[in-house]
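Shared between the two complexes below is chain A, which has chain B as its partner in the first and chain C in the second.
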Partner chain A sequence: MARVVVDPVTRIEGHLRIEAVVEGGKITDAYSSGTMVRGFEKILKGRDPRDAWAFVERACGVCTTVHALASVRAVEDAIKISVPANAELVRNIMFCTQYVHDHVVHFYHLHALDWVDVVSALTADPVATSDLAKSLSNWAKTSPGYFSDLQKRLKSFVESGQLGIFANGYWGHPAYKLPKEVNLIGVAHYLEALEWQKEIVKIHAIFGGKNPHPNYLVGGVPCSFNLEEVNAINTEKLNYVGKLIKDAMNFVEQVYIPDLMAIAGFYKDWAGIGGGLKNYLVYGDLPTKGYAYPEHFKFPRGAILNRDLSKVYDVNGKDENEIKEYISHSWYQYSVGDGVGLHPWKGETEFNFTGPKPPFEQLNVEGKYSWLKTPRWRENPMEVGPLARLLVGYARGNQEIKEVVDGALSQLAVPIDALFSTLGRTAARGIETRLAARWLKEFYDELIGNLKKGEMNTFTREKWEPETWAAECEGVGLSEAPRGALAHWIRIKDRKIDNYQLVVPSTWNASPRDGNGMRSAYEEALIGTPVAKDGEPLEIIRTIHSFDPCLACAVHLYDPDGKTLHQVTVE
Partner chain B sequence: MKTLKTEKPKVLILGIGNVLMGDEGIGVSVVNELEKTSLPAHVELLDGGVGSFLLLEPMQTAKKVILIDATIDGEKTGTVRRLRPRFSKDYPRTLTAHDIGLKDLLDTFYLLGDTPDVTLFAVSIPPLQDMTMQLSPELISIVPKIALMVIDEVKF
Partner chain C sequence: MEKIVPTIRQAMDAKGYSRRDFMLFCGLATAAAGLELTGLTQVIQAFETKPRPPVVWLHFQECTCCSESFIRSSHPIVADVIFDTLSLDYTETLQAASGFQAEKTRDDCLKNNKGKYILLVEGSIPTGGDGAFCMIGGKSSEQILKEAADGAAAIIAWGSCASNGCIQAAKPNPTTATPIHKIINKPVINVPGCPPIAEVMTAVVTHVLLFGKIPELDSQGRPKEFYSRRVHDTCYRRPYYDAGLFVESFDDEAARKGYCLYKMGCKGPTTYNACSVTKWNGNLSYPIQSGHGCIGCSESGFWDNGPFYKQMESFPGFGIESTADTIGAVATVATIGGVAVHAIGSAIRKRKVIQENMDESVNLHPSIPPPAPDKSVTEMHETNGGDENGKSSS
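On to the complex of A and B.
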């Protein structure tokens, strides 16, 4: 029996350690540890609730906008504001932009290299690559000359010894299965996606005033529309947004989706690996008739237990019996005892580090071993993320979601059960990106329609003044970050923040076991995963990356040494 | 968004860091300090926060980039090093905690080629950061000094 340690898992935001027990070439047990401290809730206590979004969105460079969104919603819920239609549309445009950007960046820059062998691409035949690329898509850049130029550039880059972002790969590992030509297409689009992603995020700067960390506003959005005014968001800027959206749709339909489908076709064995938990949780998002009406969300709210798609449970973030955070295996202490689960409104953030001082060989997994708390929904461990969103939408009978899911399944000729896997998770992210790009256009068209009718309002002043609020109130802001269900809970007392708790997607997925020994999503998904080569845990990375880990907001810096450890100890 | 056409090529002053993590936010503090001064029109100030890939575009469109970031390198807190990195591996390994933020950004930045001239001011900070928006006293006192170093750099 060997224990494989991956610390830190690279190509993620934040700091994650995985310890896996390998027997007979397969993982039989696994432990996931967030090795950085959380606690920026403490920074918020005593502040003006209307400012909270500006602090929470600083937690992470990746999910920045969704944290701000969850925050303004929590405050609006507490002080009872509903925002004007245009504000909801702008928020939805920001949201969809974030999805399209983040999912494409995740696929190409954080996850593709788990499937695409860069070194193999160096010896691909450019003519064959061109023929293949033309058969996959109508994308313009598919000539043999294009691929051979790219190959030369890549060769000189590799030969210079500046492997840079490609330095952390396990090139030549037997689990890489793609033909050379597919690898070359993958690398080409890796670079094209880098160029493209710089453009799409300009939508955030236009509506949010700046980037990174765009502006939000309790009661609406900080946008001033005036179609003729030079300094406002005018016709010229809106046309530019329209162009960016069109380019985004083309990129998703002609590059991302064809690549995803082509790559998935060579890795169908991964439709039987990494399924993990059988429970899925979604708060839902993209309101079309206001945040108070989740039945009209584009992404429906709900929970699925035991992969039973015939039943979807309702989810209520305010019900103190539904969502609770446990700390049996987390470096915290509760005033009411460490065995109790606390609803976030009553949440506590007291550190109690009992772990080993780095560097250390392995964590004491019998005791506390992570800086992440362990959230549970009705005591069940839940997976959150794109797969959960599509499954809940599918099970709710949502037509738009059913159409794209069924389309992808029939193209790959796999049954719906194939979704319960590492491959399914990665495919789900691409499938929902198609929807996000379409919806981006839909919300944009609706906004333009409103503006043309002279509806310019983006903010409700009512309840802006703290004197109009109840002396004590509480709210919850539910959202869907690209990587899963995100919620902020706020308690306001005497017009100031009294308590503020976040339960972020990676807390659901990456948390340690609960007091009953039930594994959370990463730990469970690793069970049964094959590990072909000692010291090169490519398969572990594939499954972990399929969740799109982002721990920057879940935790913060603890181990200053950025060294990568792929140590294997034999017990 | 359109960049303003100026006669001189763009110089970008980019402060990076997480302001919620005390000294980690030193880069942003220096940018805030520079906001108080008047800089030539071709010089752009950017609070990069923990902006990761979002920073690629502003960096690529500049002729010259002056980067200010924290580093955990074991040196005395407040030590400022002026570095002239040519490749991503020339940067201090522990440029703060924003993992895919800076390191992967720099890797891709060099991969894409046609890179601007980069000067990095790496400011040493202690290894463990509390959740606070306050800089430690050693750093507060040198923010104006670092700002002056940056202004000198613009003149090069």
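On to the complex of A and C.
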């Protein structure tokens, strides 16, 4: 038996540490710890609620925009306004843009190196690679010369002896299964995706002024339309957005999806690994008839328990019996006692660090061991993210979602149960990217239609001045970040923020276990994950990356007495 | 094969720099690293023999928006930067290795390239709470930063977090978030912004390599190349300001004509950044162009200078010849011996008073009605330019 510590877990956002117990070549227990805290909730107290979006947007620069959206919705819910149709459409376009960007970057730049062996690509045959690439899609860059030039560049990079981001990778690890030619295609598209990703976010720059961290606005969106003015969103800017959407659809359909399917075909064993929790939670998003009507969201709202797709439970963010946060294993204290769960409207954020003083080698996992709280839905641990969204949509009988899910399953010749896995999570992200790209076009066309009808409004003015608000009010903003269910709760008193709480996707997935010893999603998904090679946590990061963590994490190896090893001893 | 990739020396030769220029560059790098003169030979040798300068990118209290911005660079594209220009030996966002293997890449780089690597820092350091507010690999962020800064040839603070503490340092700063120049006793190039503009980030790095010198910095350690003009001074909506044509409410007729956002709380007049010239995402737009006022994200303490939608009653300085240093001259006089001079030593020219400085009064253009006094705005003036976060810890 060995204690494996991975810290930092790289190719994620934030600071995450995983400690895992390995027995007989498999993980038998795991602990997930968030090791950084900033205290947003304390900083927001007393501020102007209309400013909150900008503060909370800085919770994450990778899934930029999502917190801003949840925030403006929370405030709009509290002061009781809805936004004009055009504002909803611009928000939806920015939302889908974020999905397409974030999922492509995750696949190629944060996750691919778990599956693609860069060193193996050095000896691929460029002609065979070209033939294979042409068989996968109609993408233009598939000539033998293209792959040959790329390989030469890669060789000279490796032979320089300075491996940069590829240094100390797990190259040659037995868990890498791709043919050399697929690896070379993977490297080529890593670079192409890196160059392309800076284009798609220009949609954010057009509507929101910049990316990362574009601008949002309580009551609508800050940009204005004017088809007779160079100084507003006009035909030229709309054409630009249209072109970027077209390119995005091409990239997703011609590069991302073919690569995903090709790679997944060689890793079907990972459809039986990393399933973890059996419960899934989705708030839903992409309103088509306004945020007040979740039954018309593109991503349906709901919860699934015990993988029973025949029943979807309704979810209500305002019901104080549904969502509660616990701190039994979190470095906080509650005024009402640490064993109690609090609904976010009554949430508290008081630090209480009881862990070992750094530098340390091992956390005390019997006590508090993370800066993340532990959220529960009706006392159940829940997985959130692309897989949860597709499952709830599928179980709700949503035709668009059923079509893409069934198409992928049939292409891979696997049953729907294959989705409950590390591979399923990674595939789900790609599958929903196809939808996000299509919906981008749909929302764009609808926006053009509105403008054609002369509908220009992007902002609701009536409740802009705080004097028009109730002296005390409260709201919740529910959304679906790329990584999963995201919600912000706000209490406003005397026109200032009285309490603000965020429960983010990685809180659901990466949190420590609860007071009853029930593990959250990361910890549960690692159970049973194989560890083939001493000292190399490739399989661990594969499963952890399948969640697309929004934390930075780390792995170290420990022996049963808690002493740090730099080798995992596998019995 | 190593010969195929040009060394810094070869690259400088190709650009027409002389041996003397190269020696000067190495001297600057040595001075910047705080090395003894005897270390000069070592630095020269490093840049002559290493095909690509080793770079370590650390992450502390941040949201990774700086890394995300960096990869948005359109010129140069980031693949060329990380595969041809630099050797990015440690970066938690992109590197293949995790955990022990990742830490080894960092430790090896620090050990094998002492005095020869560039350190890039994203995020602030929480100095209180025994270091528990930000820990990586079981170490405190402060310990990791100090260890990495020790042998760095040059240190760049990415973004507002590392430069001035940014959001986590907003009141009441619950985790004692601290910018890195207050912690390390070395030169720091501050590149503030939340995030900084992608092309500014890649330009600051390549400035050192292309021109063989550290860019000229202002009293807050910011490269003058990008932070010497207020957003307001070069804003394309400036003519509307001068003409007294203002947006009064979001999406009103004036907004649809792209008038000035000053009355909507725009902080462009007190914000030093390249947004209105370099713009964002490949010179495409910037916040004002897309209808929202500047929130001043590159200014120290900007989170506490709000609320964002409140009109500033007045602001210091007038005319585009004003720079952050001249406007903040009075307030910063006590800190001039601080970060910039101390930090960059002989590598930068001494700060001089800009002779062409124009009217420094807070009088606005005659077309704007005189403002009513407002306490929150007065407070903002007091923190502009020479705020406490701009001071050095030394």
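Everything below uses one rule, namely that the second predicted complex is superposed on the first by the 548 of 571 C-alpha atoms of A that agree within 3 Å, B and C clash if a C-alpha of one lies under 4 Å from a C-alpha of the other, contacts with A are read in each partner's own complex, and residues count from 1 in each chain.
FYI, contacts are C-beta pairs under 8 Å (C-beta built on N, C-alpha and C of every residue); 3 or more make two chains touch, one makes a residue touch a chain.
The model shown is predicted, which means the values in this text are computed figures rather than measured ones.
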| item | value |
| --- | --- |
| Three-chain arrangement built on chain A, chain B and chain C clash or fit | clash |
| Chain B versus chain C as contact partner of A:393, first or second or both or neither | neither |
| Which of chain B and chain C A:536 touches, first, second, both or neither | second |
| Touching partner for A:381 - first (chain B), second (chain C), both, neither | neither |
| Touching partner for A:34 - first (chain B), second (chain C), both, neither | neither |
| Partner chain(s) touched by A:482 [first = chain B, second = chain C, both, neither] | neither |
| First, second, both or neither for A:191, with chain B first and chain C second | both |
| Of chain C and chain B, partner touching more chain A residues | C |
| Partner chain in contact with A:317 - chain B first, chain C second, else both or neither | neither |
| Region of chain C that runs into chain B when the structures are aligned on their shared chain, from 2-10, 56-64, 236-244 or 362-370 | 56-64 |
| Touching both chain C and chain B, counted on chain A across the two superposed complexes | 8, 10-15, 36-37, 39-40, 42-43, 55, 58-62, 64, 109, 153, 157, 162, 164-165, 167, 191, 194-195, 197-198, 201-202, 205-206, 211-213, 552, 556-557 |
| Sites on chain B touched by chain A in the complex | 1, 18-21, 24, 47-57, 60, 72, 87-89, 93-94, 96-101, 103-104, 106-108, 110-113, 127-129, 131-133 |
| Chain A-touching residues of chain C, taken from the complex the two chains share | 1-2, 4-5, 50-52, 54, 59-69, 71-74, 77-79, 82-83, 86-89, 91-105, 129-140, 143, 166-168, 170-175, 177, 194-195, 198, 237, 249-251, 255-258, 275, 280-282, 284-292, 295, 297, 303, 306-309 |
| In the complex with chain B, residue positions of chain A that touch it | 8, 10-15, 36-37, 39-40, 42-43, 55, 58-62, 64, 105, 109-110, 153, 157, 162, 164-165, 167, 191, 194-195, 197-199, 201-202, 205-206, 211-213, 237, 240, 552, 556-558, 560-563 |
| Interface residues, chain A side, partner chain C - complex | 5-15, 17, 35-40, 42-43, 47-48, 50-51, 54-55, 58-62, 64, 109, 113, 118, 153, 156-157, 159-170, 191, 194-195, 197-198, 201-202, 204-215, 217, 219-226, 229-233, 331, 351, 353, 355-362, 456-459, 461, 464, 535-537, 541, 552-557, 566 |
